[in-house]
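The same chain A turns up in both complexes below, where it pairs with chain B and then with chain C.
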Partner chain A sequence: MRKMTQLGFGARAGGRLAAALVGAAMLASSAFVGAASASELTVWCWDPNFNIPAMKDASERYTKAHPDTTFNVANITQDEINQKLQTQFLAGVTDGLPDIVLIQDDNIQRFLQSFPGSFVPLSDSIDMKKFADYKVAAATYDGKSYSLPFDSGVAGLFYRTDYLEQAGYKPEDLQSISWDKLLEIGKDVLAKTGHPLISMDYNGDDLIVLMMQSTGQWYLKNGKEPNILENPALKTALETFQKMAQAGVIKSVSGWTDYTGSFTSGQVATVPQGVWITGTIKSVPEQSGKWRVAPMPILEGVEGATHFTSNGGSSWYVLASSKHQDEAVDFLKTVWGSDVDFYQGILINQGAVGSLLAAREGAAYKASDPFFNGEPVWQNFSDWLAKVPTVDYGTFTPEARMAVRAQIPNIANGGNIDDALKAIDAQLRQQMQ
Partner chain B sequence: MAQTRLDRSEQVNGWAFVMPALVLLGIFMIYPIIWSLWMSFQVGRGANFSFGGLANIQRLANDALLIKALTNTCIFFFIQVPIMIVLALLFAVALNDPTLRFRGLFRTALFLPCVTSLIAYSSLFKSMFSADGIINQTLLTLHVIGTPIPWLSDPFWARVVIITAITWRWTGYNMIFYLAALQNVDKSIYEAARIDGVPAWARFTRITIPMLKPVILFTTILSTIGTLQLFDEVNNITQGGPGNATLTLSMYIYNLTFRMMPSFGYSATVSWVIVVIVAILSFIQFMIARDRRRAS
Partner chain C sequence: MSFALLRRGGVYVFLSIATFLSVFPFYWMAVGATNQSPDIVRGKLGFGGNLLVNFQHLMTQVDLPRVFGNSFFIAVVSTLLTLIVSSLAGYGFEMFRSRIRERIFQLLLLLLSIPFAALMVPLFVMISRAQLNNTFTAVILPGIASIFIVFYFRQATKAFPRELRDAARVDGLKEWQIFLFVYMPTMRSTYAAATIIVFMNAWNNYLWPLIVLQTPDNKTITLVISTLTAAYTPDYGVILLATVLATAPTLVIFFVLQRQFVQGMLGAVK
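Up next is the complex of A and B:
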């Protein structure tokens, strides 16, 4: 209700009455909860093959130790979560909001900064040193960290060994290469097998993000200023993308289903993507043994370039409006923040590489995966995870990504990169007003 | 005296009856409209509002994305609406022919798209027009094209898909209006024309169209408003892409509010831009129709 007054609309009698009623209702319900100690925590997350089963597993573990606490894990799409949070925070109404919510890393700062006080600062009660640095940094605002870091977007180059073999390449040939080298390989693969190197939705910028973040650069400087015109990483990334598009090694797709279909149906030779794509790749058992994972190619000639980058990845947040705040925090702390055994389970079952560094010592992380030719993929991913350069996503990442997306088709068709950068910069500045 | 008292009690009763509707209309329609006008002068992100005077209007003038959205909307408007209106007219006249067999079947078939949900048909179009979709496969099999058409990833073809989709969805809707109006046209006019030896095409342009003019005007205004509010199709089929080629005004407002750092004041300003454009276009359409009536 405080937020309503902050908005300056508080003078309306209706608002006051409503505030009083809601206030009374909240008092009544908290009294009720106080009387009966059993409580149900509501969780919102979105992927039925990934974060939902992981959360269910975690909640079952917690309920076993604390029978009074039960969970309701709801399947709500990411777009819907963002919309609902945004609308309700703005209206100052917290009815119907969950206790715990999953939010993607590059989207959280706008919530933390536009609606201060809406989330519980978890760094007050949980030691954030236990998690990968860049994950914690993404949700840190004003000296406090608000997230329980969950899945890592640490990325690798998934590739079809059979297609590459036909083109005359061995797994060693893909270790520690540059994007330019990958392009050469892509041309060979296309010429000899007819398979494009990668697939990409020209309405998205995942590939650019993967390339750019590997150098520690982002679309924004210090999270506030556009970092477009003077950003060699972005320029090189766009140039590399253009070379690939012009060489015809990119299969253009439209939408997520099209994108996943392009590799589950065996059309493309490689998939440079965050580790969370593993579940989708492994969803086709017939392709077992045909895949391997190499480190990401390097963006050659750019200062700070590494083989480690990330895309996507999300974290858990406790809403300040939750009536079961303490339980929610305790749940995240005990299961998500320290249960190494739990992380082994979701790794095996969902392919979820968490951000808890201690989980890397578990048995499952050491195991090799026959789907990937017996490679110790999990150990690799978690080694890379610790080396992903930290970037400050800032508040305006959605605006920046939209501005970049607007130029992607043009760049793919051979448009001038400097002009595109100017257009991106102009649109971003306009949208940041 | 008695008369006045009765009048007054009738008036009180009358107002009492319409009051519930008026109050609801006031709360859920008029109040939000006035509020959005007030919002359109507010600047700031998220929950931090402050009065910005004409700042949002200045921002409008320099907003390249708004111009892009406006251009796209105009392209859809100037290409799609005429195609749809002409198609609807032709279908209506054809289906009005009493000698045509299975008229009911054809009418139903043409009207059926209007009862499908916007989301459902958009998803269907998206899958039909995807790179490996049924449209490309059919065209490839028939050797109409040599390589698949990038329907959804090329700016030009993406617009073609959107226009095709809206036309499919709304032609039948407009056709029903024309069919209804045609039923009211006196058959003796056509009979007289036929006896005088007026050819079929002239009967269509000289009799049918003038008789339907008020309905054509009505459907044109409806389509204008509909096109300016275009959202569901682009959001589901192309997401405004590729490269903002199909970004519409409504989609831009949605992005400003929900996809980006929320800028509610500015989104309200853009919404009012739509209101102003609809008002101007409707006015122009009225004027054109009125002038023609006076001239003839």
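Up next is the complex of A and C:
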């Protein structure tokens, strides 16, 4: 831009001087083209304690091997990324877009399907078998995968050993149990210690999602049709939730602050959640040694039920409009796609469990964590990661979740579940029209 | 006697509750800025000793002078331009007769009902075609002809004494001189009230700057605060301190112009 202005000035000056200036400007611009291989890749992602330092670590590794490539990692919230991408794709204007962007898994299909050709299909150049299946599936559209799968939302049951011990339960009692069994434990814990079993925001459906995905079912069938009325996993999940709410073992919280506060302040006995909550749990050093992690309870009586599920998690995408596509892809491939050592670092520093399956062979993954009573929690999570059932999030997952959330308070209060399912189905169908 | 007293007491109770409801969030914000994140989550109500630590953390994450500079530039320029353009339009609508005047005005009011989200994409295309992406001009320009402020000035102008204008004409003033030397000084309180409204809107504007500003060094304080809240484990002390700092300028402007604001809202012309 600046170079253009100079050129304009030169032309106006007229005569030989102009010719000389134009010549100089052309020389300068050819020098600029030559230096274009010294490129800066722009990355958009969120959270200065999690994604951003992980990305910075990765970029430093790449710059060390390729000094010509530098990175500009911008801190932009998830909502803002969605908003900006949506507007710019709709407007067909790409000049403000970054080279690499982070997008949450249950949100990517709407971009892939609504704006085909906006992202680079990474499966053309990167072997997707190296990553957890369910992560790759989330970003696969029309036979191609577009994501470099990053942080996993693989979930576990975090629990307070001291509270459970007071109620007469040992760690063994929480291995391979069902949600119904957990409810029984929760009643005991509440009666003997006064601590509720879990906390939940009744404007959220995290618990339902965790239960449902563990069976390989989702709110949508093949990502397209609503899968509400004929979905035994959803029905059982809602019934289980209702039983827990009615038994009084759920502490109702409002908002994220209240939610995290409920366990950092030691009110609840367990936290069923994605592995990314680890950082928040460990943010209270005084609770070190009081926590452990068990596999998720199973949704008994539902076909395909497992102990493995996921909530949240996001992945990296290269935008097709990027002027440095090849470098961006090469960067993701060499660091995020194969550097096992790098994954050890972000696990230790950020508690980020990646989706690269080979990463679990590294030392950090095998180490045990004193905060969790010396359990090899990372090894466990990465074992569970490979077994999370694949589901198709489709384009209407946000709408489906909204519809479910609207019914959660009613279900908690003992409302009829079949009626609630009908209401969810109706609202979702209306939104999908 | 007892009835009047009772009624008076009732009024005071009601006013006290209303005051509490409007002041408490500010108190909470100020208290939060001096506390550590875990204390805020626990609901601590007293001032703490963490203000400087929060400030340090904020300074390491955010280039405060730059961000405030951006916000101030956008808000001040927006306010000046909006007041000039929109007050001229409001004055014109009321003072000059034309056959289609009311039609155009009705059309404008109708446009007021279109949500910004619907205008955003076409607006963005326009800005990009004009190569204004990632410039402050792109943030300021679309807001200058504010229909609401035009409407507000037209309403206020209804109370402007025509005799003043006629006298000025007799004295030989040109139309622009009448506007500049007679209308503007007379409508001081209206301008003051409009300043508060426009400045606050420009200062707090979020969605449009978010879309058009691309690089971190162009960010405004509202965008930065939103970024601070996005962490999986947010530091509420830092966030509330940033909020306090971001609220201060609008508070100052409001208190400085408060008297005129109230008059302007009442539509008084001196």
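Throughout what follows, the second predicted complex is superposed on the first by the 397 of 433 C-alpha atoms of A that agree within 3 Å, B and C clash if a C-alpha of one lies under 4 Å from a C-alpha of the other, contacts with A are read in each partner's own complex, and residues count from 1 in each chain.
Keep this in mind: a contact is a pair of C-beta atoms (placed from the backbone, for glycine too) under 8 Å apart; a residue touches a chain by one contact, two chains touch by 3 or more.
As the structure is a prediction and not an experimental result, all values here were calculated from the model.
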(message) Going by the contact rule set out at the top, does A:Glu399 touch chain B (first), chain C (second), both, or neither?
(response) first
(request) Could you look at A:Gln407 and tell me whether it touches chain B, chain C, both or neither (first, second, both, neither)? (result) first
(message) Once chain A of both complexes is superposed, is A:Ala426 in touch with chain B (first), chain C (second), both, or neither?
(response) first
(request) For A:Asn203, decide between first (touching chain B), second (touching chain C), both and neither. (result) first
(message) Taking the superposition on A as described, I'd like to know which of chain B and chain C A:Pro171 touches: first, second, both or neither.
(response) neither
(request) Pick one for A:Gln83: touches chain B only (first), chain C only (second), both, or neither. (result) both
(message) Looking at A:Ser252 after the superposition, I want to know if it touches chain B, chain C, both of them or none. Which is it: first, second, both, neither?
(response) first
(request) Report for A:Thr260: first if it touches chain B alone, second if chain C alone, otherwise both or neither. (result) second
(message) I'd like to check the shared interface: which positions of chain A are touched by both chain B and chain C across the two complexes?
(response) 79, 83, 90, 92, 258, 261
(message) If we count contacts the way the header does, which residues on chain A are in touch with chain B in the complex?
(response) 3, 6-8, 79, 82-83, 86, 89-90, 92, 110, 113-115, 201-203, 251-255, 258, 261, 395-396, 398-399, 402, 405-410, 423, 426-427, 430-431, 433
(message) Give the list of chain B residues in touch with chain A in this complex.
(response) 45-49, 59, 62-65, 126, 130-132, 150-155, 238-245, 255, 257-262, 264, 266
(message) Give the list of chain C residues in touch with chain A in this complex.
(response) 38, 41-42, 61, 120-122, 124-125, 128, 133-134, 207, 210-212, 214-216, 223, 226-227, 229-234, 236
(message) Per the contact definition, I'd like the list of chain A residues that touch chain C in the complex.
(response) 46-50, 74-80, 83-84, 87-88, 90-93, 95-96, 256-258, 260-261, 264-265, 276-277, 279-280, 283-284
